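Please go over the structures that come below.
First subunit A sits with subunit B, and in the next complex the same chain sits with subunit C.
Here is the complex of A and B:
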């Protein structure tokens, strides 16, 4: 029994460490990219185009993951692309969480007309296909970091609002909330001390999940050339370019795809791990 | 008016729906322990919730007055009402498992109201909380103060809740079936504890229960409810000697006799149910949703 618990704990720990480790590595690569990236991510050189990764015949030293059809270093482009991906993940994820969770808390705890308004808004929002909505927004606002972040907030706040609302409603029915109210606590105070701490693990899990989603949305926008700007590399843009030459140079497509996959997976696993850490019963 | 809590013709209804309390009137004197008895759905918990201002969202007060310590709560503004209730009344909830916030330490949860409502310093509130935890026979109160709810057993949590209810020296406590969620053995200890605390602090108690055995142990008077209607109000001794209402008599007869295991159960007869249902319908005649 004790052993089983220990094993579960270790497993949780491993998941947390692996996902956290990958994200940390990625963050370091992104921050230090201008100094440690082996090549200029934008430098084109047709003499070194479509070089294969280091373990294949015909690889050139220094081009670890090969080059694309314009001779740009894939590894360097992935590292620089991580900057955009992580900045979008952090800013858009956090902002979406703040806005969505606040609205969800208010709707779920105060109910009444506030709930009515917020819930109707969520219903209407959910009727839009999200990616098309994002593309439409950026088409109107123009490309750029702000536009990408705003688009993600606008299409995804409902995810937080819905889940947090439901959670706040079930917490609000608990006896300890009634006790706090009987004790004369103000409604807003009750929301912050009684409801919020118990909804927080859910918000944290959703937040990291949202960061993963933000990375995907950024990649999709990059894929259709609507992300930050054309002269900074993005994973989505690389995947789009790699698609054209997948038969002659699969590595141009596959490496950014693997990076994207690992990053999104790590975010969701980190969320699960953190959720357990935040839960006083499991802690 | 000598009663500390005086409910006058209180009607509570589902929003846009039928009444759940039908013109309930009852008094609780200073230091009195009044039992509210009835089967599930009789509206006994609803009375306590209406007094404390914690009715569910789907329910509203449609008529009546609730006088607590000389003021009609229903005429106060929400903020004033909260302050008045917070300063004079407290709740011992039904289920100790959901009545403590799982993510906050016990100590904070007991001291909050002393600090927020009575304006005590945190240090004073903490020494008071320690004293109270001792009073409800919790071993090692200092450790419990720093514990999270899930680290305590159900009985311990109910003790904490009782300590917390008495912390601010309220003059009225609503105990909403405080022992139903506990083991039978623990129930007895908790009942004795509530009775002890009540006697020591002289608090008036509105004791919601479906268990007449519990009433006979802790209450001095009781009100019998059915379908949101008060059928009978009397002293506990009179009630057990000679219940007046036919439904009360049937309820008393339905109490299982543990002394004779071969005796079957006596459910309340259909004819009695039909009669009280008719009484409830009678009360609704002439009433229309405001």
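Here is the complex of A and C:
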């Protein structure tokens, strides 16, 4: 039994290290992009259009991952795209968690009409196709970082609200909460000092998953040309270009796709790992 | 008792649909962009704009517009598309079969793959194969359909081009059909040449939609099977001398499948939601693809119609799943 637990722990450790390592690398690339990116991500040059990546015939030195149909360097664009992706992940993820978890706590702990209103809203939200909703919101608000962040919050707050509500409800029924109230603590105080610390691990795990989802939503919006703006490189925009010229220049699609794939996988592995870490049985 | 429950469900469904319609209506009318100004050529006068605005009812207050639209909807009139000037209902109904066929195909693929993984994992429990299945499931689960779609495009559209990666059917074949349910019609009329062409177009987008769901099914079904395999009646059937395959499929599966079926119901609505971007990715002429065009063109009546239809689809699926569950679960049936 002890051995099995040790093995699980070791596996978890490796998983956390790998995904954390990739995200750290990405964050560094994003922060340092203006200084270490080999080329200007926006510079077009028809003489260098559709250059293949470095190991293939016809590659030019300095353009490691090739260029797109307008001659823009794929590697530099991925690095600059990482800035948008990670900023969206951090801001949208955190804000979604804050808003969704707050509503979930209120609904799950106070019950009554607050729960009724919030639960009904969640039901209505579940009847929207999320991608279509996000696209609709961007069309309404116009493209831009704020719009992307707001759209993600609006479509995804229910993810937190549902889970946190259920958790808060089961915690609220426990004896320690009742005893806090008997001791004369106010309802709001109880919610913040007794319930919140106990649902926090869940919120943190969900937050990590949400960051991965935010990256995907941003990429999807970029894919339909509704992300930050047309002249800052985004992974979604690159993927759209790559999809259009996939038969002539596959590398324009492959490299942003691999980056996106690893990033999403890392966020979700990190979330799973954190969930297990917080699990008292495994701890 | 059951009747009351069904009525209550219908009522909440109605409330949800109304809620969806209000939200869409208000959201798209707060838009700063003027759909009318975009419709007209640059030289249009203010009078022209006003006239068109009146025709589409956009000169009234949001509340008035909403009730006009709602009373139309009750009579089956969803308004007229601004972009194509055709009735929204016709446009939407012509595209709906494409999306339904894609979703159902994806669901079937997901159930086949997921079921196969779960059964194999249970049969070979404790071996390396089970571990491999777990890891694959975990990965398939955490990557969304959009990325699987792109991976499939690269693998089976470019690297080894065996499937079509855009469209629903080869363009020269569309005239062969008299309904919009191409897949059903081709089977029904025994036109397997058409069926083959359809499937070679639909398989990639359907598989992309199916992969995450297959992983979920595989995981949950395997879990329930594992729990069921420890029950006494399973041990009993083993002592009767039945083989392992018989025990898993005939004895354990019928009891283990119920939670998975409920989950499939919920997940199926997510899958339908996923068609929006997958159809875009594969240039598949369905509802989702039309929805994105409608948003980009700010075709307000069309957007409203499509979103309401999606919401209707979601709530109907949920309703059906609840009823199916009540029918399949003996504990609820006799309650």
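Note that the second predicted complex is superposed on the first by the 272 of 283 C-alpha atoms of A that agree within 3 Å, B and C clash if a C-alpha of one lies under 4 Å from a C-alpha of the other, contacts with A are read in each partner's own complex, and residues count from 1 in each chain.
In the analysis below, a contact is a pair of C-beta atoms (placed from the backbone, for glycine too) under 8 Å apart; a residue touches a chain by one contact, two chains touch by 3 or more.
Because the structure is a prediction, the values reported are computed rather than measured.
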Joint occupancy of subunit A by subunit B and subunit C, clash or fit: fit
Where the C-alpha centre of subunit A sits as vertex, the angle toward subunit B and subunit C in the overlay (nearest 10 degrees): 90
Partner chain in contact with A:269 - subunit B first, subunit C second, else both or neither: second
Touched partner set for A:46, first subunit B, second subunit C, both or neither: neither
Comparing the two partners subunit B and subunit C, which touches a greater set of residues in subunit A: C
Which superposed partner A:250 touches (first subunit B, second subunit C, both, neither): second
Contacts of A:194 with subunit B and subunit C, given as first, second, both or neither: first
Partner chain(s) touched by A:182 [first = subunit B, second = subunit C, both, neither]: first
First, second, both or neither for A:261, with subunit B first and subunit C second: second
Subunit B versus subunit C as contact partner of A:140, first or second or both or neither: second
After superposition on chain A, the shortest CA separation from subunit B to subunit C (Å): 17
Subunit B-facing residues of subunit A, complex: 111-112, 173-176, 178-186, 189, 193-194, 197-198, 200, 280-281
In the complex, subunit A residues that touch subunit C: 120-121, 123-124, 126-133, 135-137, 139-140, 142, 212-213, 216, 219-220, 223-224, 239, 243, 246-247, 250, 253-254, 257, 260-261, 264-265, 268-269, 272
Complex contacts: residues of subunit B adjacent to subunit A: 49, 52-54, 56-57, 79, 82-83, 85-87, 89-91, 93-95, 98-104, 109, 112-113, 116-117, 148, 150, 161, 164, 168
Contacting residues of subunit C [partner subunit A, same complex]: 12, 15-17, 19-20, 23-24, 27-28, 30-32, 138-139, 142-144, 146-147, 150-151, 153-154, 157-158, 269, 272-274, 276-277, 280-281, 288, 291-292, 295-296, 298, 303, 306-307, 310-311, 314-315
